[in-house]
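Order of writing sets the chain letters: A, B and C. Residues in each chain are counted from 1.
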Amino acid sequence: MLNKKDLLGIKELSVEEINLILDTAAGFKDVIGRDIKKVPALRGKTAVNLFFEPSTRTRTSFELAAKRLSTDVINFSVPTSSVVKGESLIDTALTVQALGADFVIIRHSSSGVPHLLAKKLKASVINAGDGINEHPTQALLDAFTIKEKKGNIEGLKIAIVGDITHSRVAKSNIYSLIKLGANVRLIGPPTLIPKEMVTLGVEIFHNMEEGLKNVDVLIMLRIQMERQGKGFFPSTEEYARNWGLSLERLSLAKDDAIVMHPGPMNRGIEIVSEIADGPRSVILDQVTNGIAVRMAVMYLLAGVKR
Amino acid sequence: MNKEDIDRALTRIAHEIVERNKGIEKLCLVGIQSGGVHLAKRLASKIRLIEKKDIPVGSLDIAFYRDDLNIRKDQPIVRRTEVPFEVTDFKIVLVDDVLFTGRSIRAAMDALMDLGRPAAIQLAVLIDRGHRELPIKADCVGKNIPTALSENIEVQLKEEGMEDKVVIEKVGE
Amino acid sequence: MNVLIKNGHIIDPSLRIDGIGDILIEDGKIKEIRIQNIVPPPPHPLPQREGESLKIPYPSRGEGKGGGKDSGLRTIDATGLLVVPGLIDMHVHLREPGFEHKETIKSGTMAAIKSGFTTVCCMPNTFPVNDQASVTEFIIRKASQEGYCTVYPVGAITKGQRGEELAEIGTMRNEGCIAFSDDGRPVMNSLIMRRALEYSKAFDVPIISHCEDLTLSEDGVINEGIISATLGLKGIPDEAEQIMIFRDILLAELTGGKLHIAHVSTEGSVKLIREAKTKGINVTAETCPHYFSLTEEAVKGYDTNAKVNPPLRTKRDIEAIKEGLKDGTIDIIVTDHAPHHMDEKLREFDMAPFGISGFETALSLSLRLVEEGILSMSQLVKNMTLNPAIILNIPKGTLRQDTDADVTIIDVNREFKVESEKFVSKGKNTPFEGWLLKGCPVLTICKGKIYEW
């Protein structure tokens, strides 16, 4: 049972709930592989994509997920909305609810905004990424992809490489993969990994070569160019030299290791094209699976009797 | 119904299916998750004995096609749909354990239609307990068991670790 | 009107009084104290007046209900109650002028009176900033017209609190400022801070330092640690506070100026201040109830009411602060009462303003220190009366004969539930919502005027 109104983060989910979402997503993966990619499961419902931060990928994925559940979707993004006129966050959300939204899918640059709205709204709030807190559906689709490729997550050695501090993808993945029994290691410069993370049960490596030894799965994170001016690392070139994924470094991982990236990629910085487009990459599978996982989340949240 | 009653009913349904369709050319069985799937497999092996040929069997999960997501108390468990053959131009026999309101069958027909364009859809059920809410009628019925709405009927099968049996019980309000 | 407070348990550290006795007030001044016995019997709580809603405090007309001329004598039976000098809160934000939607001098002082404080010192981060005598004059005039308790303004150290040029400290001192601070912001420039500590010696006023290295705390909103990492909120390390405390201690030693450290929140800060005091450096320090009552855990769920600067820290820090209060490293308890409008707090955690509406929970939370055996009752009273009076050099916090009749009467056994909607303060921003607290003032006398509820 997913006995929740909202999906705010992986932190708030139990192992059983994560597995239920993944199992349900498997059913939807079948659906979106067919000629008729749509089911009437959530006919007549309305979802609103409330994006305070631009993101074509995630927004499109949610939009497609909703449509394939026969749910109507409205995109409510910042440039076209009244947010620019100085309307408060709460007022915007209440307006969206008054439009008849059953789901409010929210992306915001401030951590905790979905939690704030969830308390104020009757609609199901789905966190599509908040600040540097969480991006739960990304972690769920990553877990789904790993399970699909590796059969099982328990016991796998999984490396998350890059800017952990500012990555909501990394955070959600850490919580989910630990809950699912993986051995998680974080690799990156000390300026970009909060040292307190070890208390969650992860290992921290600052040396890429050491960290990649024998791993089953590599999750590469996007490096944000703005960080270099802030003293987190001196230059993207130096970052790439030390923590970029090259073919040589990939050879340190297990022979059947898979490489993931939440996108959009900085080719030549955190990952070279030969790997991104190579046989070990499952990056496009992640995109497809994202739709199935988001369908599962909406479907299960809608099925909760309240 | 006990084990023997169930087996006899299934044997009769198997014969009826073969007779109705004059053989098993372009015919397949699709069980509705989960009870119907076991029964479809049993019917397939009986038909194999009759016709000395294999008949394709699929399983269908109708969760995404149900109309009661909002009113159910518990969350539906989504099982896999596995129809590993082309349904277009095939005659499909839907198999379910109990026929009741007809809503599951309506959902199953919608689900099947989304998989392709079957030549025909027929319905075989082990039990028909009445109380239809939709204009749906089974082509082959193992046994008609008139029930009260306050009763619950459950088909227990050995595939699910139980003794083959049909149980009727009163549900407390 | 004259007042006789009878049979109360009187504690006044300034007079070294701790016993059962009576206080006579005449013409708004303390006339006489009579102590019957030194060892107090166990207190008998007054029967709780249940279901009675809070009355807005108003000057009581006294006993003679029929006509209430200023001539009668009102007798207050304080049996079983604690009677102490009116409490002093030397770190509050009254928000006026400029932010009257958050609080006004009227509403803030009313909340102070209800909370047992008869003297408050308001920080200069208003609009305009209290960085010149005209603003000081406005505050004092407004407080005398509309205020319920005594208000002493704290002037800004630098013009516009920009940390660049000294404000007219001498002129503001003459107008009535009793201390100087850029509170809300640190003085980042060490040379300016040095000058402030030097220059203020001429007027014998303390410099109150909000210790925060802004370059290190940049964009931080809560304590740095596992909670900030897992909530995805930018952390403020202890060191942001400690680096500045250390700098200011060194500058106080260099200049001989009078340094007072505002809102101490970390274990390291307590250590630095303790060492400085051991060395004889002229430094005093304060902390707030939230720094010994709450940890960073309180922000979980993104509760902006627990967003405060410096941030709530850890259990270890709480222990160190209690230890600091116990051994006198931390001299006083203040509220850092920082009211905000509900709409300002009801928003993105990153964007919500820092601050807790502190008056109406302060005394009860502080009484827990006595309950826990960390402070004696007389130590606690000293922390909230005599100590701030000495630091600020004001004739308050005492029951000495002929001083203003400021008296707070406390029922240490009365229990209540924190309900922010019942706050007198305009600021409903409390992280203690729903807490069950014990001990609160039942009657406050300010310059002879009685307020009760």
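Brief remarks on what is shown
The working rule: a residue touches a chain if its C-beta (ideal position, glycine included) is under 8 Å from a C-beta of that chain, and two chains touch if they have at least 3 such contacts.
Remember, it's a predicted structure, so these values are computed and weren't measured experimentally.
In terms of the distance between Cα centroids, chain C is separated most widely from B. Taking the mean of each chain's C-alpha atoms, the chain whose centre lies closest to the overall C-alpha mean is A.
Work out the mean CA point of chain A and of chain C, and you get 46 Å between them. Mean C-alpha positions place chain B and chain C at a centre distance of 75 Å.
One finds 40 Å separating the Cα centroids of chain A and chain B. Counting partner chains per residue, chain A has no residue touching two or more of them.
If you check the complex, the residues on chain B that touch chain A are 61, 63-66, 69-70, 72-76, 78-81, 110-111, 114-116.
Remark: chain C residues 225-226, 228-234, 301-302, 343, 346-351 touch chain A in the complex.
Against chain C, the residues of chain A that register as touching in their complex are 11, 88-90, 108, 110-113, 115-116, 130-134, 165, 168, 171, 194, 196-197, 199-200.
On chain A, the positions that touch chain B within their shared complex are 1-2, 23-24, 26-28, 30-31, 34-36, 38-42, 69, 296, 299-300, 302-305.
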